[in-house]
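First, the structure itself, so that you have it in front of you.
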């Protein structure tokens, strides 16, 4: 199985680059595979961003995310990686991804990543 | 098909211009046409503003929005354009439009635009 | 039909004037008449305030609001006017009224007024 | 009928006095009697506090609140008084009580009191 | 019955230590035993943290929490203790635990603890 | 104040008299006046029927129901009377009215009337 | 403390005795005292009936139910007894009472009684 | 504007004609135009059927329903007509359409049509 | 670990044996242990019955169910066994137990058992 | 890609074959691939059955359903096929599968299949 690639992501020109406005995209059909157990994982990704010069195109986002369908990925890793890919391609003014995964073993996990970093609590 | 025009928007005098107060108008029956596929799109617009000298009249807002019924428009564009039209006619102290569109291909998108700009994250 | 009057509002002494505390009163049975169409309007008023020397008495508030039952009033006007009447009689440290009206023509409107003014966005 | 007394409230030593942490206690079965009409009132009390040296014991809180079952009390008075009693016995770093009463005459009322006072809006 | 031990908690390397991001883990199947009555208690723990060098491993968290199944513990104590154990093992940049327990005697209690301390209201 | 009259009800020809089908009309803005206390009552009427030769026209139904706005009426009486009026004018194959009134004194009441009578339990 | 008596229940003439129709009355503020522990119990009573010659008057129902406020009563007993009292006074064509009590010790109980008996399963 | 035609509806062979099973299709994006006011109407259609030899194809259903977008149609008429068209093309063993329209003038209407007729109450 | 025993179940005399009425008891805090994995399972039991000569006492039911806390039991087995135990002790006219277990591996299971048997579909 | 096979389904002996009881299994993480577009589909399967000699084992059900993850299948076909496979392996007294798929193109579809056939409406 090949590695997911950000090359599938397409963009279009931001129609209002002079204004800071929010675009919120909710993808409730994200699925990947647990690298440890080989079992499928399911989650909802909510991507919120302020575009700069370009916006991501929704159909290409869907195809990009479908690459993870049979790809092994831990929750923390995959959420951070999708942020890195989207930031690299879209170069937004800000972007947040909130990923909410379905329960495993009676426990469920959400991961929230932000670009640029909002520093929370103590600095390292 | 003619282009939607802000000329349909009518206003009435703000009965309390001396006070900053919020007016929130929710329009769950917005529909336009996707310019790429020709398929109809559906959404809910929530318009929140502080009037200055005038308020928009609700019936004229409804007729203004109905112009988009058979008009091709991308989500980001149409939301920004409606903000521009309402700001031009009403000249509010502030206005926000939150547009929530129904899912397409398992993905749904919201767009939030504000006047005047709230600068979020890094400046350009 | 006579004009609604604040004379119906009665007060009682604030039992704890030394403490700033919130009183929140929800009135889901507000109804008035649209001055343009003569059709009844319905709404929920939520009144939140910090009393100073007096609180309003609930039964008198009900009778005061019932004066609007057959009275013509636009949403923006009636919400501001009720705030003016309550502020005049109760002289609270702060008061907010949130009025949520039922939909008309597929569109619904809320009005939020505050005393003293919270200045939002640009000053005039 | 005897007056409710704070003497019923018992405390236990705060197991972590070195840390500021929140304790939130929800009592949906509060009932008292309207001093004007003699009719029973019902409400939900939510008590949130940061303990200092002691915490209140839950069973004694229940018995303390049951003293109001046949006791006449206005909403604003009873909420403030319970705060005074709990603060006197527990001497917390902060405490808030939110009391939500069931509707009477189509109108419902909530009262929110805080210790120490958060000053809201203009000072007198 | 042996005392619960933090030795069961395992960690893995934080895959993105250069970024401050939130991990939120919800455990709705927490149960312990009331030390006074011997009756079982039930609750939901929500653990939110920003990892530094390591993250906790979910299966080991489950086993760690199951140690409380037949262990006597008061609400305030057990929540603080779990925070101490997780902080000791994970050394996060920040961590919050919100514990919501099911009702006893018509009253229910939540406890919210944070590391490092957010100081709330007056200092001691 | 004049008595409500069924003369305001208008009908239109049932477009499919050859088929038994259900029409369900929900009117959440019904209001009348309690004949005992003079206080307004509020309720939601749900009218379900199978038309025979005619259907009722919605705007005329609204005007018919608005006649009760300042009219004294007990719950049981008004629900039965509206059924009588609608049956007289529409002559449906069957009709049910479910009226759900808002609470008074902590108690709320619904009335369900049916034409023709479904006999329930013992006959008289 | 005196025993609750059905003498407080008042009736009014059924305005439509020729029609079998349902009256549904919901009383969410029922409270009594557990005869074993002396602790208060809380519940919601839903009374559904078809009146014959008379209906019960709502204010008298409220006063009748308030007699249980300081009266010791087990769930099964009190629900059956209220049915007996209401049937004796109203002599309805049918009546059902559904009582839903708040949880005690993590367990909650509902009782449903019907007049005349619907025989369920095996006969005695 | 041309009349909607059932010619757009396409079918595919029922893969299990030997079994009676239910297919339920929910279309929340139905819109037509009120023939009286020219204003758009919105509704949700729920189509439930047991296929015989063929099932309807979903994309063709969508295109068929989009023909009503700018077509004048009363609620009762359009629901019956869509049933007639679907029955003619699919020839199902049974079919029900439930149409739920958004409120107009504070009143909302649902229409439920069934093939073959379930006779309800009195025969004509 | 000893086997759970029905000896802990206590009963009290049915106060209205002459009437068939329903008692519904909801126990949301049931927990047992999976005999295969040793992991705890959680569920909600809803017990509905018509008592004959005796009712079960709630506190003894709680103690009876707590015997399963550290007991290995499959879903189907444990639900049937609890029905057997309750039927043996209470000898009800009818009883149903609905057990709803929390999800495991993304799949959740409910079991519904009835006494006496409702024969469903084909007889054996 | 190999065809899904019922060979993965494992069973265990029904612990109470002498009693007709319901087992309800909900699988919210079903996913397959649309054979026309190659796009993934998502759905929730609810399987309800009365076991005869054997029950299906949950882990094997999960593995059986995961075979559809990259398998092309129409909604109607896949639901019927899963019923056939489960009936063949488990030979239940009755079984129903309700499959609810997520929306595509603004339309969502459910399929309900039953064994043995409930004949609905006209016979073929």
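Order as written gives the chain letters A, B, C, D, E, F, G, H, I and J; numbering starts at 1 within each chain.
Methods note: contacts are C-beta pairs under 8 Å (C-beta built on N, C-alpha and C of every residue); 3 or more make two chains touch, one makes a residue touch a chain.
Computed from a predicted structure; not experimentally measured.
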Shortest chain-hopping distance from chain B out to chain F: 2
Inter-chain centre distance, chain D versus chain G - centres from mean C-alpha coordinates, in Å: 32
Rounded Å distance, chain E centre to chain F centre (Cα mean): 56
Cα-centroid distance, chain C relative to chain I, in whole angstrom: 53
Between chain B and chain J, centroid-to-centroid distance (C-alpha), Å: 45
Shared interface positions of chain A, touching two or more other chains: 28-29, 42, 102, 104-106
Complete list of chain pairs which touch one another: A-B, A-E, A-I, A-J, B-C, B-H, B-J, C-D, C-F, C-H, D-E, D-F, D-G, E-G, E-I, F-G, F-H, G-I, H-J, I-J
Complex contact set, residues of chain H against chain F: 74, 76-77, 79-80, 104-114, 117-122, 124
Parts of chain E lying in touch with chain A, wherever the complex brings them together: 14-16, 19-29, 50-52, 55, 58-59, 61-62, 93-94, 116
Chain I to chain E touching residues, read off their complex: 28-29, 31, 40, 42, 66, 69-70, 102
Complex contact set, residues of chain H against chain C: 39, 42, 102-106
